[in-house]
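As written, the chains take the letters A, B, C and D, and residue 1 is the first residue of each chain.
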Amino acid sequence: MLSFINDYCEGVAPEILKRLEETNLIKTVGYGMDEYCESAAEKIRTACGNEDAGVYFLTGGTQTNMLVIDTLTKPYEGVVATVEGHVNTHEAGAIEYSGHKVLTLPSHEGKMDAKELKELLAGYYADDNYEHMVAPGIVYISHPTELGTLYSKAELQDLHAVCAEYKIPLYLDGARLGYGLMAEGTDVTLEDVAKLTDVFYIGGTKVGALFGEALVFTGWPMPYRFNTMVKQHGAMVAKGRILGLQFDTLFTDGLYFKLGENAIRTAARLKEGLKEKGYTFFIDSPTNQIFVTVTNEKKKELEDKVVFSFWGNIDEDHTAIRFVTSWATKMEDVEELIRIL
Amino acid sequence: MLSFINDYCEGVAPEILKRLEETNLIKTVGYGMDEYCESAAEKIRTACGNEDAGVYFLTGGTQTNMLVIDTLTKPYEGVVATVEGHVNTHEAGAIEYSGHKVLTLPSHEGKMDAKELKELLAGYYADDNYEHMVAPGIVYISHPTELGTLYSKAELQDLHAVCAEYKIPLYLDGARLGYGLMAEGTDVTLEDVAKLTDVFYIGGTKVGALFGEALVFTGWPMPYRFNTMVKQHGAMVAKGRILGLQFDTLFTDGLYFKLGENAIRTAARLKEGLKEKGYTFFIDSPTNQIFVTVTNEKKKELEDKVVFSFWGNIDEDHTAIRFVTSWATKMEDVEELIRIL
Amino acid sequence: MLSFINDYCEGVAPEILKRLEETNLIKTVGYGMDEYCESAAEKIRTACGNEDAGVYFLTGGTQTNMLVIDTLTKPYEGVVATVEGHVNTHEAGAIEYSGHKVLTLPSHEGKMDAKELKELLAGYYADDNYEHMVAPGIVYISHPTELGTLYSKAELQDLHAVCAEYKIPLYLDGARLGYGLMAEGTDVTLEDVAKLTDVFYIGGTKVGALFGEALVFTGWPMPYRFNTMVKQHGAMVAKGRILGLQFDTLFTDGLYFKLGENAIRTAARLKEGLKEKGYTFFIDSPTNQIFVTVTNEKKKELEDKVVFSFWGNIDEDHTAIRFVTSWATKMEDVEELIRIL
Amino acid sequence: MLSFINDYCEGVAPEILKRLEETNLIKTVGYGMDEYCESAAEKIRTACGNEDAGVYFLTGGTQTNMLVIDTLTKPYEGVVATVEGHVNTHEAGAIEYSGHKVLTLPSHEGKMDAKELKELLAGYYADDNYEHMVAPGIVYISHPTELGTLYSKAELQDLHAVCAEYKIPLYLDGARLGYGLMAEGTDVTLEDVAKLTDVFYIGGTKVGALFGEALVFTGWPMPYRFNTMVKQHGAMVAKGRILGLQFDTLFTDGLYFKLGENAIRTAARLKEGLKEKGYTFFIDSPTNQIFVTVTNEKKKELEDKVVFSFWGNIDEDHTAIRFVTSWATKMEDVEELIRIL
C-alpha cells in the first residue's frame, strides 16, 4: 500500500547511517560536549551566516518549543501564537505544564499578521489592569506553518520589527524548515531566517534525521545555564554525539537542502497530477503538505490503496484530505498515486 | 589515550546498527505505535515473565525518572530516595521542577534500608501535622546503585513488602540494570526485578543502545493517558520505531545480557589487576564501576595516560577515583590499563 | 468625590465587625478546624439545601479558582471557559502557573453556550490526535458573569447536562453571587446553583466580608487531602476562625441576601436615572454592574466628580464606562450621581 | 481549660480592631494601592532604618516563603535551609510545587552554621558536574527558629558575608520576629535584621494581627512585576487596606514590640515557675516557645487541664512537650499553669 501520511515514516538519510557506522566505536565525551556537536554547530553557524550564533541540539519539536518558551520568558510571561499554532493545539499542554499561557491571535492560512500582533502588544501595555494579566514575552511562528504555508521575507521583517519594538524575541519553529527553504517561489533563505528571527530551530526529525532539532540563537543570547535547564526538563541526551553526527552530516555538501528538495519536487509532481485530474486544493500550500478536497466517495475508494490524513469535513459530501511527501519519497510512488487518484 | 570514564562513550551495539540499516526505508506509523515497538514490548514481557506488563520506551534516564514519579504520584506526594539517589543529586532538580519533593533516607553504600523506610512511612502517618507535610507517594531505588552496589533478593523483598503495606509503588531505576543482572554472585534476576518492584526501567543508553530506556509496569498499572503526559513533558519521539528496533534487538538472542557480561568480565579482570598491584578499593562494587583509592601523585601520573573520574578527596594525600567498563570495553585496553597502573 | 468604581472599596458589614469584637479573645484551634467554621459550613449547607455538601473557606477569588481547577483536574486536563472568563483574562496566568490550559469558547454577553460546549467536548473525543491535545477536564462559568449578566435556570440545566454526559464537573465562580441571586427577574436560587453545578463558591470579598470565599462541593466530592493542597498552594489561613466567623454571620438572618439586595436596589435606581437622562446601555446587566455609553466629552466632565471604570472605546466620539454599586452603596450617593450625570 | 498550644489562638490586638471600626466605611482603591498600605510601609521603612526598603503585604507565612523563594530565584535554583527549616518540613511541599528544591544543611538547635553554608556553596561550584545539579540560589533562615532559638548578631553577620560572597540573597523568615526582637539577652534589633539580611518578613499572624506578613526588601530589589507574580500565585488581596491598616497600627507607638514583650514576659515567668518546680528543659529557648521534658505520667495528668503540644518521645518514660505564650497571654493564666504543673 502507498503511504503519504507524514514525513517521519522512514528511518534516516543513508549518508547519516553511513556516518554512524564509521564513527561507532570511537569514544567521545557525553552530553553534547563532543567534537561532532562542535563541528555541526560550526557548519550551522556558517550556513546561517552568523559566526556568533549559539547552537544546541535537542531531540524533538515539542521538547524544543517547551524549552525555548520556558527559558526565554519570565514566569509571568506567556507566548503569542496563532490559534492554529502547534504550541496551542497539538502539544498536550506542554507550554502550560511549564507554566506559560498561550496568548492567541487569528490564523491567516496558518500565518500571524504583524499588525494584529502589534495591536495585541500595544493593548497589553495600554490596559489599566495589565498587572493582572499575562505579559506577552515571546512570539511563536512556524515556517512552514501547520498548513504548509510560508512567510515572505517582507512578512518576517514586519513581525521582527514589531518584536524588536517591544523588546521580545521572535521564535520560529522550523520543524519542516528544509521543505520551506526549498519551496518554489520563496524569497526566504536560511540566512534570512537567522537575521529576521531571534531564535529558531532547524528540524531534523522530519527532514532526514533519525530524530533531532538544531536550536539556533541569533538575535537573543542562549539562556544562562541552558544546559542545566535542558537536564531539568528531562531533555539531555547522554550520547549527544548522535545529534552532532546527524547535523554535521546534514550540513555537509548541502545534504539538508537536497533532502528538502526531494520533497518539494515530488510534491510539485503530485500537485500537477492533481490539477490535471481536476481536483481542487483546500489550501494552496507551496511545500510538502498538499491539502485536497475530495468527495466522500472518492475518499473511501482511496483508503483502500493509499494511507493519507483526514483533514476536515467541508460539507455533507466533501472532505479535505492531506498528502505529505518527504526527503524519502520516491517519484515512482507519486506516479502510482496519481494513477489511482 | 585509554578511557574508562563512563559507559556511554561509544555509539551502539553493531547488531542494532545492522538492524537500523535493514529496516531503514520501511515506512511505519509514528509515536511508538509501530510493529518494532510492539515486538520489543512482547520480548521484554517474556523476559520479565509477566505477560501483562505495560512497556513504554523513552529516551533517557532523567526523563524516565521524572515521568514515572510525576505520573504515579498525586500532586501532594513526594518520592522517597536515599540522599545519594540520582533523583536527589544529579538531575538538576527535574523532580522538583515537576512539583515533587524528594524525601531522603540515609544511603548505605548507595542502598536504602527497609527498616528505615518503614520508619519514615510510619512516622508520616503518626504525625499530628501530617496534613502540612509532603506525603510519601513512591519509593525510588536504583540497581545497581550510583555506587555500583547491588540489592540482594532478600533486600528487595523487604523493601517491596514495606511498600505494599503502605500501598505505594516501589520504583527501580535500572540505568545500568544489564550490568547488575550479570554481576557475579547476585541472586537477582530480571524476573525477580519484575516481581519485586512495581515499575522499573531497563537501561539502554548505558548498555549498548544509541539511547533509550524501556519502562516496565508490573505491579502497578501504567497511568491513564500516559501517552498524553509523555507528550506534555516533551518526551515523545516521532520516530518511535528507533526505540522499538533497539530494544527488539537487545532482547533477541540475549544480546542485552551478553553486552552486560562484557562489562562485568572486563571489570573483574581490572579488579584482579588492581588487587595484584596492591591497590585498595574505596567501595567494593560488584558491577562495572570500580572505585579505587590512589595517592594524589599516582592520580596525577595516571591522568596523562588514561581518562577516569575523580570521585572524592580521602585525605590530604589520597583521592578516590572511578574506572568504568562497558558493553564495548576491549580486554586489551584493560590489560594496557593494568600495565600502567 | 463620589465613587462607583468597584464593590470592594469599603471594609466589612458592621454585623461582622461586631461579631469579631465579641469573640476576639476567645481561643480556638487553627487552620479552620474551629467551631465558627463548622457553624458557618452548616448554615451554608442548609441554605444550599444539601446537608452533604463539602464546605471550605478560602481568602480570594483567584486563589479559589486556581485551587478548584488544579485539584479537580488531572495534570493533562484543562479548563473550558469563555474567552472573557476571569480565568482566561485577569488572573495573571494563575491557571497556567498551576499547569493547566484554558480551552476557550465564544462569550455571549459573558455567557457560555451549552451547544458550543457540547461541540467542543465531542470534537475532542472525535479527534484522531486527541492524545496529543489537552483534555477538557472541568467547565468554568461565572454567575453573574464578568459583564454582570446572569444565566437562566434552563441555561444552567443545559450546561450541567452536557457536563454530566461527559463526566466532568461544572464549576461556578460566584464572586458576586449575592448580587446575582437578588437580581430582579432571575429564576436561579442558591439551591438551584447547588443542584445545577458540581462545585461553586459564594463570594464574600465583594459582598460584605473583609475577604473570603466559601467553596461548596455538591455534585462532586471535595478532593482527597484538599487541606494539604490548600497549604501547598500557600492558601491556608492560620486563624481560619476569621473566615468562619464572617460566613457564619453572613448566613445568619439572611444577611448575605440583604447585602446583595442593597446593591441591586441602588443599581436599579441608577439605571432608572440613566434612562431618564437618555443614556444608552452598552450591556443590559441585571446586577450591580452598569455599563453605559457616553460621549468622550461627558466622560471627561464626569471624571472630575466621580470615580468609575473605563470599559472600552466604542467609536471616535464614544466610550463605554462602568458604574458599580455594592452592599455598602448609599442611596443618597446614587441620587447625587444621577444629578451630575 | 487553659491553653498554651500556639500563638495564633486569639483574634487580633484590640488597637487594630478599633482602627478597623474607625475606617470601615471609608472607600479606598484595591490591591494594596491604598493610603493605609503606604503609611504602613513608610512606618516599617523608618523602623528598619532603611528609607529605600521595598515593603509588600501578604496574608500568610507559607505563601510568603513560596513567593520570595520562587520570585528571587531562577528556575534552576534551589533554596538552602536547615533540615528543620519550615520550608523543608511543614509547608506541604509548597516550595517544590513552585519548582524549587530545598538543599539541606544540618540544624544546630534550629540554626544554620555559616561555615557549613560556605562549604555547601563552595562544593557546588567545585563539582565537575555542577551543571547537572540544582544551583543554590537563596538562603533561608528563621529568627526565632522553629525551636525558638535566636541567632546572635555575629552569626547573622557571618551568614550574610557568605551570601554576599556568593551573590545570593539571605532571606529571614520572621513569623515570630516580634518575640525574637524582645527576647532577653538578644543583641539583634530590627535595624540589624534589615542590614544583615537581604529580604525578610515581619510576622503579623502570630504577633497580634488577624493575619498578614510584611515582606521587606532591603539588600535586594523587589522582583520586577512582583504584583503580577503575587496575583499569579493566588496571593493578592482585593481589600489590601486590611493588611495596611493592621501593620500601620502595629508600627504606631511601638505596638508590635509591646505585643512581643507580653509573650516574652509571660514566658519568662513560666520558665521561672518550671525551674522552681524542678523541670528540665528540652531546648533552652529564649523566646515564647518553651520545650520541657516531662514524665509520661505527668503528661497524661496535664492533658486534662491544659492544652499544649507533644514535641517528641525522649525515652520510654519521658516526653518533650511545648508551651507557647503570645501577645495575648494573660499572666494569671501563667500563674494558674504553674500551679497545676
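We take it that contacts are C-beta pairs under 8 Å (C-beta built on N, C-alpha and C of every residue); 3 or more make two chains touch, one makes a residue touch a chain.
In this text, all values refer to a predicted model and were calculated from it rather than measured experimentally.
Graph distance from subunit B to subunit D, where chains that touch are one step apart, equals 1.
Ranked by distance of CA centroids from subunit A, the top chain is D.
The distance from the centre of subunit A to the centre of subunit D, each centre being the mean of the chain's C-alpha atoms, comes to 51 Å.
Per-chain CA centroids place subunit A at a distance of 34 Å from subunit B.
Contacts with at least two other chains are made by residues 75-76, 91-93, 97, 99, 131-133, 228-229, 231-232 of subunit C. Of all the residues in subunit C, the ones that touch subunit A in their complex are 75-76, 78, 89-93, 95-97, 99-102, 128-129, 131-134, 310. Within the complex, the subunit C residues that touch subunit B are 70-71, 74-76, 99, 131-133, 135, 224-225, 227-229, 231-232. Of all residues in subunit C, those touching subunit D in their complex are 3, 5-6, 8-12, 14, 17, 20-21, 23-30, 59-64, 66-67, 91-94, 97, 205-206, 210-211, 228-229, 231-239, 241-242, 328.
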